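Letters are used for the chains, namely A, B and C, taken in the order the chains are written, and counting of residues starts over at 1 for each.
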Amino acid sequence: MTLTLSPPTAAPEPQAPLQPQGWLRYFSFSVDHKVIGLQYLVCGFLFYFVGGALAGMIRTELLTPLSDFMPRETYNEVLTLHGTVMIFLWIVPVVNGAFGNYLIPFYVGARDMAFPRLNAVAFWLIPPAGLLLISSYFIGSASQSGWTAYPPLSLTTPASGQVIWILSVLLLGSSSILGGINFIATILKLRRPGLKMLQLPMFCWALLGTSILVVLSTPVLAGTLVLLSFDIIAHTGFFNPALGGNAVVYQHLFWFYSHPAVYIMVLPAFGLVSEILPVHARKPLFGYITMVYSILAIVVLGLVVWAHHMFTSGTPPWMRLFFTIATSLIAVPTGIKFFNWLATLWGGKIALNSAMLFSCGFIFNFVFGGITGVALAQVPFDIHVHDTYFVVAHFHYIVYGGTVFVIFGSVYHWYPKFTGRLANETLGRLHFVLTFIGFNLCFAPQHWLGLNGMPRRVAEYDPQFTFVNQVSSVGALLMAISTLPFLINVVYSAFAGEKAGDNPWRALTPEWLTSSPPPVENWKGPAPLVTHPYGYGEAAEPQAVGASSP
Amino acid sequence: MTSSSAPSPISPSAASPALAADLSVADAGASQGAEVSHHAQAGHGAEEGHGDFRLFGLATFLVADGMTFAGFFAAYLTFRAVNPLAEGGNYELELVLPTVNTILLLLSSLTFHRAAKAIHQDRTQACRNWLLVTAALGFTFLGGQMVEYFSLPFGLTDNLFASTFYAITGFHGLHVTLGSLMILIIWWQSREGGRVTKANLFPLEATELYWHFVDGIWVLLYGILYLL
Amino acid sequence: MGLSVVLVLIGLWVGQNVNLLPIDASANAPVYDELFQVLFSIGTSLLLGIVGLLIYSLIRYRRLAGDTGDGLAIEGNLPLEIFWTAVPAIVVLFIGIYSYDIYERMGGMAPLNDHSVHAMHNAADQAMESGMVPGMAMEAGDGPARVWAGISPTGSGADTVKVDVTAMQFAFIFRYPESGIISGELHVPVGQAVALNMEAKDVIHAFWVPQFRLKQDVIPGQPTLLSFTATKEGRYPIICAELCGPYHGGMRSTVVVEDPESYSAWVTKNSPAPLPVSVSPANPVPLQS
């Protein structure tokens, strides 16, 4: 990172003596939303590799039908950590904390988020919480009860690991809540004069909806985990049937958060795709207002569908029916978004670069996962496949095939803005091909495994499933290999990539109307007023409308 | 208006040479390390400054906090509905002390409101007095809770009702403790030369909002745990 | 549009001909498979349609080298959006109502704690309590345990085979209250209704037979009920489908579906001997048959 010397735009003020510059900023308590965004991004990717390594261990164990690669307790620790790391340390922080923090201030025309210090606090909760969680694996016992930590199992497995897990998740949940508060305040209150809500880039609406979910549902998880920890430490009996408690109440409370959690993971990705497609298809986003309504509908519905994770638990039939209908209904606003994205592409001038390829991969994978989701929403269908590899396949199609593909696409799309240089397109396309093939090879067969009798969270299985499991593991290996061109690309291009200039994609949204990387105050001069972030097909060159301050 | 930025953060990697790059960072240590603007405000005028949204942020946080209580209440009500205790297990809670406590807490919201009104009318001393009364009411409430706890026939782990009772009232009590301490801090900071002045009312307003929230939660709690 | 018809036909064909499920061995399995076919067909048509549109767009509207112009400035199309809001809504509603019908046919909507279910439990408990049948005297005097979830038996319940299932780390134990059998394997007669009254001893487990398409969590402190009628003789796996500890993957048993004669033979062979009855001169007791 070279230091950019720019002429001071303010009267010279005494420089804070200990403020780090250059790359050291990224290891400091910086309150600059762009620094924090990239801190979230890199930290998130580091945890992604940890989670990926854990996945590799799982798929290695599953090469054979016997439990022969690691002790059974260790396997349960590995699968618990895999899920927990991927959700709380990779996806949630990256789509919200990384891209949200970097982009939202640009999109609302602000110099920074509403609460920059809070922003930094939210980020710095993550590395220690993550290290705490991972260290539990090395100091004797990590949690073994899955990322869902159902009691009574979580009350009978080694307590220290479970309590560390709870503590870590509480810290990570708090980080998420602080971020959510910041996004809501920034989007609702910090908009540049003259900028209306319905002129904002779609990503803002996506983050607004996501943050509402974060603020409403994460605290319930926090309370639940506190009660769980009471059961472990103080021998209360909230969820312990032996002490008069109710194990299913835990499930209700847990899923009240954890279902919205999947929207917390996916809605920002929806927002990012809505930014990427118009740019690389040179076409306006189709159906802006319907896209907004869809996001709001998903937020509302997302809060009332949690018990579809409990169709085989102790829920009465009328409750199962309600949740089937509510869950099925979510397919409607989601479907609208997909049709709108397809309509955005239709009639455009589509550049098949890495960002676009990953976005199209997202469309394919997510539609696949969405279809299996509608199937799973039906109670009688779910009774057979609940807690089997069918569900594992479904959610990986959504979370990996969906959100992770968008994360990669977004990295390629905003890489020039973050670094000032262009990433290598050949490596990017290679990355896409390997990831797409590897991912589908790994997870498509798992649908069949679940339908035919393989439960989830097992190290041993019926030998008739051996070949299909091996195919799946080869796919996982391919996914691991696909990381190499990606890593080489992002690291090498940061030093030797072609200079990008301000706006290599000739895009219209505010972050492209400044230098790459942007100055600390985001724009030299006042924030541009962009009332048509998707105004393609109208003008040849992007223009900031009404750039004078009121 | 200044944003909620901190005094210059001291970074662990302290030995960076102070190069003259990006002077517009303006994390410059301005006034005695107190309020420092993060944005390049000097020279950019009113366009750059945005309003003070810290109360809005606090309100959003209180929504989140409220949801934690909501989770507890939901658990309590569900347990009551589907896990009724055996005969004799359901405890009849004494109502006198909790009702007195409720009145005290409601009064304390009133006195806090008085305090806020007073400082708006430049009657700082009256404000400080009302703050003390509020804090006293808060600590009395806590004292009443302690008395109640010690007089109850059940302990934390006796049964599901007991555990839930202590969890919910305890969590609320933590909030009252925190709130009462904050009131004392505001009382101290509103002295002559302190940080809380008519120009910087946020700490007082924030504590007031928090206090009303805690009061509101108690009313719900009283209704659900004691009256229902 | 002709393409839609083609898509629907392909979907239907795939649903009919691509078999992804194991053999169906219970009365509700064909019902389930019917639902699966419908979902599979709809899903295939949808996926092919959307992917087809996507790939077509990528090819037809691909940016040509050197073209720096923009695409069409279309921001929306209300009739089109209404269309693709209404159609998915109808499809989803159809699926929901249809699956409700399926669930009902599988017995899922039958009340769990009504008179007949309790009568069934009462009869079983009485058999235990009277001492005619040795074995676990379960919570005598407590009255019928409440059923928290599951699928009730359809039909009268008169000749339903009742089995108490206990799940523990890491095995299933089957007790037949009427005959006193305790077994590690579940034996059932083909064509006859079976009602499993299930509870766990330690953590949450689940009882799953893929060939029956039925699964129910087995929860400590909350008895659950699973009813089925097996339709094909054979041995099928019973799989624990809820993470229950390190040996979760190895926690499995077998359900043996046999013809009525073999089943009776098994019952007779495995029934415990009748309790010895004390005989005193003043109170001669006839021999038990």
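Note that in this section a contact is a pair of C-beta atoms (placed from the backbone, for glycine too) under 8 Å apart; a residue touches a chain by one contact, two chains touch by 3 or more.
Owing to the predicted nature of the structure, the values given are computational and were not obtained by experimental measurement.
Could you draw the chains as nodes, link the ones that touch, and say if you get a line, ring, star, complete or other?
line
Point out which chain occupies the most central position, where each centre is the mean of Cα atoms.
A
Based only on mean CA positions, could you tell me how far chain A sits from chain B in angstrom?
Here the centre of chain B sits 32 Å away from the centre of chain A.
So the centre of each chain is just the mean of its C-alpha atoms; given that, what is the distance between chain B and chain C in Å?
50
For chain A, jot down the residues that touch at least 2 other chains.
245-246
For chain C, jot down the residues that touch at least 2 other chains.
none
Where on chain A is chain C touching in the complex?
These residues of chain A touch chain C: 67, 71-73, 75-76, 144-146, 150, 152-153, 156-157, 241-242, 245-248, 281-290, 312-317, 320-321, 324-325, 328-329, 331-332, 335-336, 338-340, 342-343, 345-352, 360, 363-364, 367-368, 371-372, 374-375, 378-381, 383-384, 386-388, 447-448, 451-453, 455-462, 506, 534-538, 540.
Under the definition above, what is the set of chain B residues touching chain A in their complex?
3-6, 8-14, 16-30, 38-44, 47-48, 50-51, 53-54, 56-57, 60-61, 63-72, 74-75, 78-79, 82-83, 85, 156-157, 159-160, 163-164, 167
In the complex, go through chain A and note every residue touching chain B.
Against chain B, the touching part of chain A is residues 3-6, 8-21, 24, 27-32, 110-112, 114-118, 120, 177, 180-182, 184-185, 188-190, 193, 215-220, 222-224, 226-227, 230, 234-238, 243-246, 249, 252-253, 256, 519-521, 526, 549-550.
Under the definition above, what is the set of chain C residues touching chain A in their complex?
It comes out as residues 20-22, 31-32, 35-36, 39, 43, 46-47, 50-51, 53-54, 57-58, 61-64, 67-77, 80-81, 84-85, 88-89, 92-93, 95-96, 99-100, 102-103, 106, 108-112, 148-149, 202-204, 206, 208, 210, 213-217, 219-222, 224, 237, 239-250.
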